[in-house]
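Presented sequentially are two complexes of chain A, the first with chain B as partner and the second with chain C.
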Partner chain A sequence: MPGRRGEGRHAKAWIEGVACSLDAAVEAALARLRESRHPLFAGLGCDMDGTRSLVRLARRVGASIDHLSSTATGLELAVARDMGSFFTTPGEAVARADTLLVLGSALDGTGTELLDRVFETAPKLAARGAPRRVIWVGRPLKGKARSSRLEITSLQVPASQIATLLAALRARLAGRPVGKASISASRLQAVVEKLREAQFGVAIWCSPPQEVLAIEALTGLVRDLNGHTRFSCVPVCAADNAAGVAMALTWLTGFPSNIDFSQGQPEHDPWRFDAARLARSGEADLALWVSAYRDHWPDWADEVPMIALTSRSDGARRPHALVQIAVGTPGVDHDTVDYSSASGHLAFRRATARETIPSVAAVVDRFCAALIEPGKALR
Partner chain B sequence: MIRLAGGRVIDPAHGRDEIVDLWIEGARVVAPPPGGRADENFDVAGKIVMPGAIDIHSHIAGANVNTARLLLPEYHRAHLVRPTRTPLTELGWSTIETGRLYATMGFTTVVEPAIAPHTALHAHLELADTPIIDKAILAVLGNDDFLLSLMREKEGEGAIRDYVGSMLASSRALGVKVINAGAAMAFKHNVRSFGLDDVVPTYGVSSRAIVSALQQAVHALGVPHPLHVHCNNLGLAGNVETALETIAAFDGLPIHLAHLQFYSYGTEGKRGFSSAAARLAEAVNKATHLSIDVGQVMFGQTVTVSSDVLRQFAATGFAHPRKSIIIDGDSNGGGIVPIAYRKSSFTNAVQWAAGLELFLLIEDPRRVFFTTDHPNGAPFTCYPELFALLMDRNLRAAWLDALPKSTLAVTTLPSIAREYSLFEIATMTRSAPAKLLGLSDRGHLGEGALADVAVYHDLKDRAAMFRAAHLVLKNGEMVVRDGDIVRELPGKTLSVTPSYDRAVDRRLDDYYESLYGMSRGLFVVPPEAPGFLGAFEDVPCAT
Partner chain C sequence: MRPLILTLKKDPDRRIDLSGLVPENLQGRSEKAIARLPLDLSQDPLEVGDIFRLRMGDPMSLRFEGASERFDFVGAGMASGEIILDGPVGAQAGRLMRGGRLHIRGDVGPCAASRLAGGFLEIDGDAGDNLGGPLPGEMAGMSGGVVIVRGDVGPRAGHRLRRGLLVVEGKSGKEAGSRMIAGTLVLRGRLTGAPGPLMRRGTIVLIDGDCLAPPMFADCGSHRLVAASLLASELERLGLGFARKLRRPLRRLAGDMSVSGKGEIWLA
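On to the complex of A and B.
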């Protein structure tokens, strides 16, 4: 493709740990890709361009493809897929939410970037003039959130009891009795009243996979609240452009993760097409590992022959990788589009230090150029 | 040079329906060269040759569509445990399949009509990954605090025009759509129903006023496509009154009403639900400032993907399967609600009949456009069946026989004898949409036209004919042969860049920083965003 961003003038590459030219590394990688019976594309820590190029290549070589956070992202998406849900954006949470229901167990007490924003600002579009209400569920709230702009209710329960607590709130909202709960009946009732009084409430969480039950309970609670008032959700997403990669995989294949192209049509199966399983079982005979945002390796790195496109940090060389090519950091070394946790949408970012080394897309497009005739209809 | 020899060329823009050779050089249609020799010669004698088809309203990309893909993986073709064959399982859920399937049917340009400006970048990436066909988006405005505040503060037409110009430029859209104007904002204030004269809480601005302001702004900017309107009260019994009022209210300037079938309901009959399409068609025939598309319902499983969040929330109780996603976007909304239209359902049968009535009773095929509001009325893969229904009254009669008898009492469809000709089909799907969108080099086969050409077998079975084209050329390149994709080239995305006073950009910069604590740059689509240069093509505005 003409004009692809981040062609890179200062490439760094190694074949079996020995420094070589980018051209030599690309040739060596191509030889491996050509002879592989079942390649696995894993990590997928890259921007939208990288993901789109990787899918083109996966279609050509019949690879399986799996993002490193697919388990967490997949479980969270599964709740929305099975139950439906209500979603809003970080922008609406900041500008409009008069009430925040925060599942704090996985969020650090000092707050993520979004929590800082909602704690430090007043909702300018809120219909209700009162201070922003925060209902904090989980482990105790530390540090920052002591602003006079906030009215905080803290419900301290262990992570394992969050789902039960949310179910109890849901029952009280429906006027049903609840049995023994970790929070007193009057306290529960007071919280239900606050939720009901919200004119536009937002639930915020960051879910580790073990909290699927809590997310299900929360989804049900938010749905019921919309019978009375307006309430919606903002999940805080995993790193390494997990949300962006899931979006691109969805539009390119219909599925957010764990996809295989060996039968031509994309197939999806979270178990069969799990990277660790494919690598360890020997079903995959070659891995293309991609981690452009940080120097990070899978714990199965030495169990399958590997081509690695890795973050540029020096000294990241892995002697065991067959081929390793250093790639630029999106938004630093090359212009990029990836998921912005600030806006909750895909966004374009200009490079801050332009084109020192190639982008994932630039390297993968070289593979594609060698393996795919331009314009050829795949399948 | 390519010659398509001896085909029946149907080119309504030039009033042509004749046996003639078509010559193509590079990406363009050219005059027959004197003593001409073709490098490639295709004998298309006995075949039908038309310009590539243009779909003005099909939800094929963007954040809401992608959410629908996530919600309904069971309807993806390759899903492991999928339901029995339905139009939705035949549908390419992916962008790749979307481009390929459209091309296979001879479509070469498709407009995605509902993109919130804040998700425009996402939509453009999806469109860049939709191969073969050219694309465009319409930017959804009318529910955002900035615009409503301009109106509340009575800042005047100039301010609104500059704002609309800026949003078109930053989102790289071809035109503007307004969806249940003001309702997405009202829904954030817990309003649950919203009509033309309802007022958005805290802004004191009516739906009518928003539509009017946007209609004027689009016109003043010289955007070729008139304001594209999704009216209030979609899907409700008796909503024909809303549609009639809307037609009457905005008669000063051109306007396009989307998926009118969903507003063609009366309250007659035992069940208080009837087709009022005949009344509506009569009003459309008289209103020459107006164009409409139908939003035909076809039977089967599908999913509704709409930015009319207030309406979608109300529909969640009817979801099938029983799950929905409701989105309160930054300055818009959205709802994804799956639905099954059943032949045995009286309501669905009335909807089906009402759509066909609109097609058949609106006299001028240049003002009625071919849509199923994909995927809301039916997936676009149903188009061939729908062409066949329009062209064959006996086929319609056979379908009517299979519907609940009570349907017949509340629709005029059984009495309609009209059958579309191929010329009328070509008008509705080729020449008219090109004109409506301001695309002067497509939708026709005159000299200099883009060589987007579809060649069909002239089959008695019109559905089979339109399902798989014999040949399709895109920009003069063969992309389909005998219903198979042979080239998968990237298409372009068409957009306008109207001129406006750039002072509004600086004002918007400040607005985003102060309201959201975010840079407006996060929402701007630079030309290189799709990952390669030349992804966009400019469509000129009137000056």
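On to the complex of A and C.
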């Protein structure tokens, strides 16, 4: 079905750096997958369709799966799982939040989009008419947010001190004493009062977290604040559909990342099934690297034979990939469903510049189809 | 009676699961039956006999001659008997151990002593991250028993410790005793960063502690605590000479104030 799934005849593919047809590249990749003892699927920069196909293939060949930003996503999920948390959507935050607690140090391109929205608009459904209060923790605020709609309190501390500062706020909220903190006691108390006065407070941070401890401290603070008022979190997720892939992996296997199928059923271990570790230790003898959103390669690329499904935009072929197949960018070359960090849920996006280039799902489905051999039991 | 000896024939080409090789699981099995026990259930399976040469003896006393960083779950779930192992091992050594004695004469990987509930685990080398801690999805870490690490440990030693005694003689990685629920963590060597972040209850003992006063802990002054001399006796019984320092007055810090303030750090 050209267009929808984007299977086309003008694909770009290479075997050991030499251009070839898509069919030849698929055959070469299949030969490698068949003889591999422990394949590793990493990167997983793809849409929901691609993730489903990759899980199907991983089950068949007994592969390990590690998501591109599993460390960041995994840490965040771990905190929510261990401590429980209060979440809201970006839309609710924009419409209702009268108080924002922002961990500014790690906000990158993906985070600024949401911040621009909350900074440039007034909360339409806020209970209070006053300007939005922003408590900005971390790196100094640059250029942004000079708006008269905002009342900004900036707490400038180095990234390593964020956890301590949040813990100090939490201690003062409960009325317990605090030793020497990075800001004065009166300032600390003033911030605690602001947080307590919130009628709809939202804590925002970006997914590659500064430190897991900072997220733990923040989650604890938000939990305690809910004893007084309403406060919730909006983590701004990592790029490359990280949150979407984590969701799909969870509903398909029970685990968000670092999954292994070699023993027949899915097994989860953040250390044993870490892509970089598997590649460097020689435990994985083949990697299938998927990065459909951007030209991106792992720093362990030279340490394991690799089949790469990468974004078409990369001009330079990587000669060290045994097989490389150019795939379409979701939402550009083909229609897609992936996670939208603007709305906080999965969303359909129509192709903006439809091209006849295969999607990740189309290529991986070809591997799956070829690996089901009648009469041969493949897990 | 002679111990049962397993000699490593060749390094395994993959990670293997040694949780089946614990004394109570080997009792009453013949040499042939032990050699057929699975170590890996992948499409190309591995059995004990493929990796180890066996010399039969009393399975309650198990010796491994030679080890590999690819051995996971060494002594996992053991309830009685003794395992002595020469060399390094991988992840989750002593996981869910309930009794008996496990002695590893080498380094161990991450999550050693994870949720250990009883028994005695001794590690002569270094230990990785999350010593005694829970695995993803579990609510608490070690819940009993005694663990002694002679070398250094990675970050988050004693994470979510709930009961039991964990002693580290070497250096500790960052966030030692993070989110402790209860139990005792004794750290002898140098620390990275402040100990006990977000701890709820429990005791962290810093021997020769030159710990920077963590801002979330309140100084409660110098004391001669009955509990300290009881702990000293227990540590001396385990052959740890530095325990005598606990018989002197020690400084006590209470915290983590952001959580409940019911935990404590002793500076001995």
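As a convention for this text, the second predicted complex is superposed on the first by the 358 of 379 C-alpha atoms of A that agree within 3 Å, B and C clash if a C-alpha of one lies under 4 Å from a C-alpha of the other, contacts with A are read in each partner's own complex, and residues count from 1 in each chain.
By definition in this document, contacts are C-beta pairs under 8 Å (C-beta built on N, C-alpha and C of every residue); 3 or more make two chains touch, one makes a residue touch a chain.
Being a predicted model, the structure only gives us computed values, none of them experimental.
In the superposition on chain A, no contact is made by A:G227 with either chain B or chain C. Using the contact criterion defined above for the overlaid structures, shared-chain residue A:P270 touches chain C, although it does not reach chain B. Using the contact criterion defined above for the overlaid structures, shared-chain residue A:T88 touches chain B, although it does not reach chain C. Contact with chain B, but none with chain C, is seen for A:Q199 once the two complexes are overlaid on the shared chain.
Once the two complexes are laid over each other on the shared chain, residue contacts for A:K124 go to chain B alone; chain C is not touched. Residue by residue along chain A, chain B and chain C are tallied for touches, and B comes out ahead. With both structures placed on the common chain, the touch criterion links A:V178 to chain C but leaves chain B unconnected. Legend: residue contacts after superposition of the two complexes on their common chain; A:A217 is shown touching chain C, with no touch to chain B.
Once the two complexes are overlaid on chain A, the chain A residues touched by chain B in the first and by chain C in the second are 81-82, 268-269. The residues of chain C lying in touch with chain A in their complex are 13-15, 40-44, 70, 72, 90-91, 109-111, 129, 135-137, 139, 175, 178-179, 197-198, 213-219, 256-259, 261.
The touching residues of chain A, when paired with chain B in their complex, are 1-5, 48-49, 52, 77, 80-89, 91-92, 94-96, 117, 121, 124-125, 127, 199-200, 226, 229-230, 232, 247-248, 250-256, 265-269, 335, 337, 340, 342-343, 345-348, 361, 375-378. Residues 37-38, 62, 78, 81-82, 163-164, 166-168, 170-171, 174, 176-181, 213, 216-217, 220-221, 262-264, 268-272, 283, 379 of chain A are the ones touching chain C in the complex. By the touch rule above, chain B contacts chain A in their complex via residues 61, 63, 66, 69-71, 73, 76-80, 93-96, 100, 118-119, 121-122, 125-126, 129, 145, 187-190, 201-202, 313, 316, 319, 322-330, 477, 484-489, 514-518, 521-526, 528-529, 531-534.
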